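Can you keep this structure in mind? I'll have questions shortly.
Chain lettering (A, B, C and D) follows the sequence in which the chains are written, and residue indices restart at 1 in each chain.
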Amino acid sequence: MITIKVQREDFDIGVELAGLSAGNTQIGGVASFTGLVRDIAAPGSAGSRMTLEHYPGMTEKQLHAIATQATERWPLDACLIIHRYGELAPGDRIVLVATASAHREAALSACAFLIDWLKTKAPFWKLEDDGATQRWVEAKDSDDAAAAKWADTK
Amino acid sequence: MITIKVQREDFDIGVELAGLSAGNTQIGGVASFTGLVRDIAAPGSAGSRMTLEHYPGMTEKQLHAIATQATERWPLDACLIIHRYGELAPGDRIVLVATASAHREAALSACAFLIDWLKTKAPFWKLEDDGATQRWVEAKDSDDAAAAKWADTK
Amino acid sequence: MKLLYFAWIRAKIGMAEETVTLPPEVGDVGQLLDWLETRGANFAAALKERGVVKVAVNQEYVGKDHKLGTGDEVALFPPVTGG
Amino acid sequence: MKLLYFAWIRAKIGMAEETVTLPPEVGDVGQLLDWLETRGANFAAALKERGVVKVAVNQEYVGKDHKLGTGDEVALFPPVTGG
């Protein structure tokens, strides 16, 4: 019911979402969020790149803990997180979060919860290269705020 | 930027979502909601079916108006609604709503807005057959409430 | 004027569409519904719950006091249940 | 004890992991950070902004007063930026 994949390889959203609801005709809705690499190329550079570092072992553990929280909080039939690591190019898929439920409100809310929470808890770090210089992406206060709002409300 | 499809045929979510962000590397996130036919078979029946009737012409017009509202309200790079009509079986995809934005909050909120709004405005009607009797699905007060909440808040 | 019926309103009336000439006393949507109800038991049954009947004129939702023109496409249907 | 470093903390220290024997005065996470800072300019630079350093012990987030055991896997890293 909870599926966590941490992988270097790309994934096929259609196949993953079909797999999430396969064989369960009580599912009425599947919500998903896909994160993509944005292009941050400096003017005149050869183009931007991104490298995603992670903490093998802890990553899976944290993603599992986040998914478990979601299933305790909403009536989900299935929950999937796929997160890539390694070198990525602009437009590449980074992460897929998907939730399936009998109720669309549950699927939608749990999906938003998972991506907000993952952004502040899952041990991934982005190193951006704009074609001229490399820099570690800084954590955003807005991400902390987005995660914090789930602490109070359902 | 706004794509509306009203069709009898199934769709491939992976292909549709990839198409939504193709060629725009400013997109950071794609949110989607897929509605599926739930099985409501009566005990001992041959299985349930659903028929979706719609109002050709007005359907496209309403979906376009809803999508336009979403793009005015949130900074979306792209917005897609596919809605099927005709005979469907349990597990079949009915509807796909997808939004792409530089900002995940915009994509997630707009996606939830679109499906809530569509449920109360798009001229589709479900005829359910539980294998024993046919009945027209009744509109739910909870759908009106879900749509109404977008009138007040952003 | 072209009239379209959908879902259980279509099923109860027993017809998906028709072209009618409005009597002179029918000027708005509410008056149209009043007149349609007098056209037979099938219409009366379909339009009995007046509160749930939705009306679109030229494919836009309208209220019961919306004024009608002779070239209008008028659709009557129950609350929508797609998605 | 196994120490792991990630992202710019790893880059500033110049090493991804090491195995250390803690001096007797190091009993909790805060004391570990105090001690690591004394091990060279690279450590001092990496751990300067103490407020942003996140610590996981055996792959769970912990606070600065978390007690350490000799078999622990301790990871130091900046705020996460995945997703």
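To be clear about the criterion, a residue touches a chain if its C-beta (ideal position, glycine included) is under 8 Å from a C-beta of that chain, and two chains touch if they have at least 3 such contacts.
Because the structure is a prediction, the values reported are computed rather than measured.
Listed here as common contacts of chain A and chain D: no chain. Excluding chain B leaves the other chains in the touching groups A, D | C.
The mean-CA centres of chain A and chain C are about 48 angstrom from one another, to the nearest whole unit. In whole angstrom, the spacing between the mean C-alpha positions of chain B and chain C is 26.
Work out the mean CA point of chain A and of chain B, and you get 22 Å between them. Taking each chain's centre as the average of its CA atoms, chain C and chain D sit 73 Å apart.
Multi-chain contact residues of chain B (touching two or more other chains) are listed as 35, 115. Among the residues of chain D, none is in touch with two or more other chains. Touching chain A in their complex are the following residues of chain D: 4, 6-8, 10-11, 56, 59-61, 75, 77-83. Contacts from chain B toward chain A in the complex involve residues 12-15, 17-18, 21-22, 25-39, 90-91, 102, 104-105, 107-108, 111-112, 115, 146. Remark: chain B residues 35, 52-55, 57-58, 61-62, 83, 94-95, 115, 118-127, 136-139 touch chain C in the complex.
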